[in-house]
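Both complexes shown next keep subunit A, but they swap its partner, so subunit B is in the first and subunit C is in the second.
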Partner chain A sequence: MIVAIASGKGGTGKTTVAVNLARAMGSPVQLLDCDVEEPNDNLFLKGRVREAHTVTLPVPEVDATRCDGCGECCHFCEYHALACLGGSVLVFPELCHGCGGCTLVCPQQAIRETSRAIGVVETVECGAITLVQGRLDVGVALVPPLIRAVKAHAQPGVATIVDAPPGTSCPVIAAVTGADAVALVTEPTPFGLHDLGLAVDTLRELHIPFGVVVNRVGEGDGRVHAYCRAQGIPVLAEFPDDRRVAEAYSRGELAVDVQPELGELFRRLHLGLLGLTGGRG
Partner chain B sequence: MKELTVISGKGGTGKTSVAASLAVLAGRCVVADCDVDAADLHLLLAPIVKARQELRGGHQAVIRPEACNGCGECVALCRFAAVTVSTDATGGTRFAIDPIACEGCGVCVRFCPEHAIDFPERTCGEWMVSETRCGPMVHARLAVAAENSGKLVSIVRREARRIADEEAQALVLVDGPPGIGCPVIASVTGAGLVLVVTEPTLSGEHDLERVLALAGHFRIPATVCVNKWDINPEMAERIEQRARAAGAGVAGRIRYDCGVTAAQMAGLAVVETAAAAAEDIRRLWAQLNL
Partner chain C sequence: MKVAISTTGQTLDAPLDPRFGRARNFLVYDLEQKTFQVIDNTENVNAAQGAGVQTAAALARAGVKSLVTGHCGPKAFEVLVAARITVYTSDAATVAAALEQLRSGALAAAQSPDRESHWA
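Our next item is the complex of A and B:
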């Protein structure tokens, strides 16, 4: 059973929900930190890295002695990662998606593929929690391949929580694809509501069951609740706006460690997510 | 013309609230909302849309089932596992392409022996030019489950610069996306100054380092503002030290103030209300000296 914690916008408490949920479960669980641009789960779990793997993407290399400058490869590349200038080919690795097309189309067999590192995937032991985290190299634009690598390192058959990146575009889709249910974390404010609406549109497009977690209740008003009621979206959990939680977070402490009474709320959230899958888990 | 890009590394640090206030304090400027994935600035600046344009970008492979001979070549060639194979009602094998997984690379289109794969353009969103109480605003909306947010960001910025040139505006203010990936790179490359709005938390500190490394990578001067600094004063101090050590400036601090959410509820920039934090943002603006 794979559940994903996502959020249309950053800073709604998505990471907090993911790590506390993992801790509150008490039984062996794997947590996949797919927020590879800013992986933060281990700031709270403080586990030791057991394994690290570099993730690479294939990237073309042109053999200038064979290339006759025909321009086929540059013409083919959909991402403008190749440019033909004065009869020779320039490669822009940061634009390359590694599709392999240029190698196949080159009539002179002048292209071979090498690999380029885009980040690392680390496995971290934190008691009952096994954390798998991705970390994108600075200056790398392509996020989804690294997210897919994080997911590929997960053990099948183990209860899994995915901490998805914020937003609604390709990285989020890469993270939540394959999840049995998603919790969308939001706050009861105009920004929270607006971004929740976008995330809901995306999940409906992907046909994944989802519910909402309202964080910092008390800070804004009832607009998120009204929206969920009108749309028939279940509210799976609510967490009060509490400066103590914010302060614990700032120090890298887990809310369920500081306020054990919150553990029950997280366990109920997990049951709610299981319920969304119609008992499939 | 100067271009200030407000980013945050970590999301939800109050970047958009700060950006809206800076736009108001600037009096008149060109505003660009480059957080196209979760564009919120319009909720505070109430733009009146004057022109909108659809953005088409990239392609998507589509198999014409009647032309497909079932050879499976496309499955073998696609590196993004976008070709799905299923069995239809008569027991035959059916090849189809998952539009969400397809990256539009064109490999299957080129090498299908039956030329059975079409390659139409896709819509990745729309961008708009609007008028606000602070001046013109360029913003965008990414289509549901679309790719190419980097491209949309580039268009929004380019358009904002063009308008600034045309109207001889001195400042382009960009509300950038969170993270360090493709949309962020598209919103900071070539900017005059990056303002990083962060928060005094371990995550804020961690993400700040990565964002400053990114700014350094592209050689863009950066300055830092710690929002809600009084949640953890020691951490605020530490973050500012780290920023200085990384060669970035420190532009000011903003206090924790529920007036910021209240302003958001009222659809106003913080500096248009009596919130205590407004004073801090005014000081920040003076410090930026744009």
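Our next item is the complex of A and C:
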């Protein structure tokens, strides 16, 4: 079964929930860190990098001897990665999304594809946990292809936890697509509630079963709980606002290692996510 | 010779638009005929990315040889150079004032972009 840990708002505790859930499960599990702009699951899981692969996107290269400057490629490109001037074509690889359309529409077959590196996917062995993480190159703006590459490196048939990036935009969609259930981590604050609403709308649109994890209960107010009740959204777990958890985090330690009694809460969260799938997992 | 000036309006006394790729309009002035036309740039104002590249290509298609604008980024500059369009940057208040600066020789041709890329 694939479960994803996501949130509308950043900083609510996705990483904390994802790494502790992975540890608390106790059995072989793969954790996919899809927050490729700032992967940080590795701060809590020490291990050996078993594999590293460079991820590339296909980008166009124009053969000037064949190009007759007709402009078909430039008209086709929705992302303006090609510009036609007089008889020649300029290519801007950093704007290219790698769809390959320009190579198909060129009547002269003057365009071939070359590779542009956008990041790496690393597989790290951490005991029962296999961490697969993406790391986007500095300056690259195109996130979803690297997230899809991380997911492509996962072993099928193994219990999988996806640590998604925050928000509700394309990278989040790329991360949660294919998940059997999603846990939306939020905090009981007005900001947490607002962005939870956006994330709920997104998952309903995607038709993925989901529940809510309320982190740092004790701060803020009761409106997140009231919202979940009114919307009929299950609250899968609640974690108290506890200084000891923050202190463990600041040292790069797992909360369930420091406070083993928390393990039961995470195992119940896992069961709750299983329940959302109606036993399909 | 045709000169393009980025502007938020449609007349000679309209304000200069300091943005290039996402300028609202371009007033294209013919220095010999002393006439002008306005190119609507709405499509690029709303572009997700590549606004500067497409705007520069549009000016090249319009036969523009010189451009006066507020600022110009690296990709737009590359296209403008390839299209042999001379770039001038100005902080003039109006299109007419920018044209006067150009005609009087008060502006020096830009040798490089003066803004960082938005993407990489």
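Definition applied: the second predicted complex is superposed on the first by the 280 of 281 C-alpha atoms of A that agree within 3 Å, B and C clash if a C-alpha of one lies under 4 Å from a C-alpha of the other, contacts with A are read in each partner's own complex, and residues count from 1 in each chain.
Here is the rule we go by: a contact is a pair of C-beta atoms (placed from the backbone, for glycine too) under 8 Å apart; a residue touches a chain by one contact, two chains touch by 3 or more.
In this text the structure is predicted, and so the values were computed from the model without any measurement.
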Contacts of A:74 with subunit B and subunit C, given as first, second, both or neither: second
Partner chain(s) touched by A:92 [first = subunit B, second = subunit C, both, neither]: second
Superposed model, subunit A: greater residue contact from subunit B or subunit C: B
Contacts of A:139 with subunit B and subunit C, given as first, second, both or neither: both
Which of subunit B and subunit C A:264 touches, first, second, both or neither: neither
First, second, both or neither for A:247, with subunit B first and subunit C second: first
Common ground on subunit A, meaning residues reached by subunit C in one complex and by subunit B in the other: 79, 139-141
In the complex, subunit A residues that touch subunit C: 74, 79-81, 83-86, 88, 90, 92, 94-95, 139-141
Interfacial residue positions of subunit B with respect to subunit A in the complex: 8-13, 16, 37-38, 40, 43, 58-59, 77, 79-80, 100-101, 103-107, 110-111, 142, 144-147, 149-150, 177-185, 199-204, 206-207, 210, 213-214, 217-218, 228, 231-232, 235, 256, 258, 261, 264-265, 267
Complex interface listing, subunit C residues touching subunit A: 47-51, 53-54, 56-57, 60, 75, 78-79, 82-83, 117, 119-120
Subunit B-touching residues of subunit A, taken from the complex the two chains share: 8-12, 15, 37-38, 40, 43-44, 76, 78-79, 97-101, 104-105, 136, 138-143, 165-171, 173, 177, 189-191, 194-195, 198, 201-202, 205-206, 219-221, 243, 246-247, 249-252
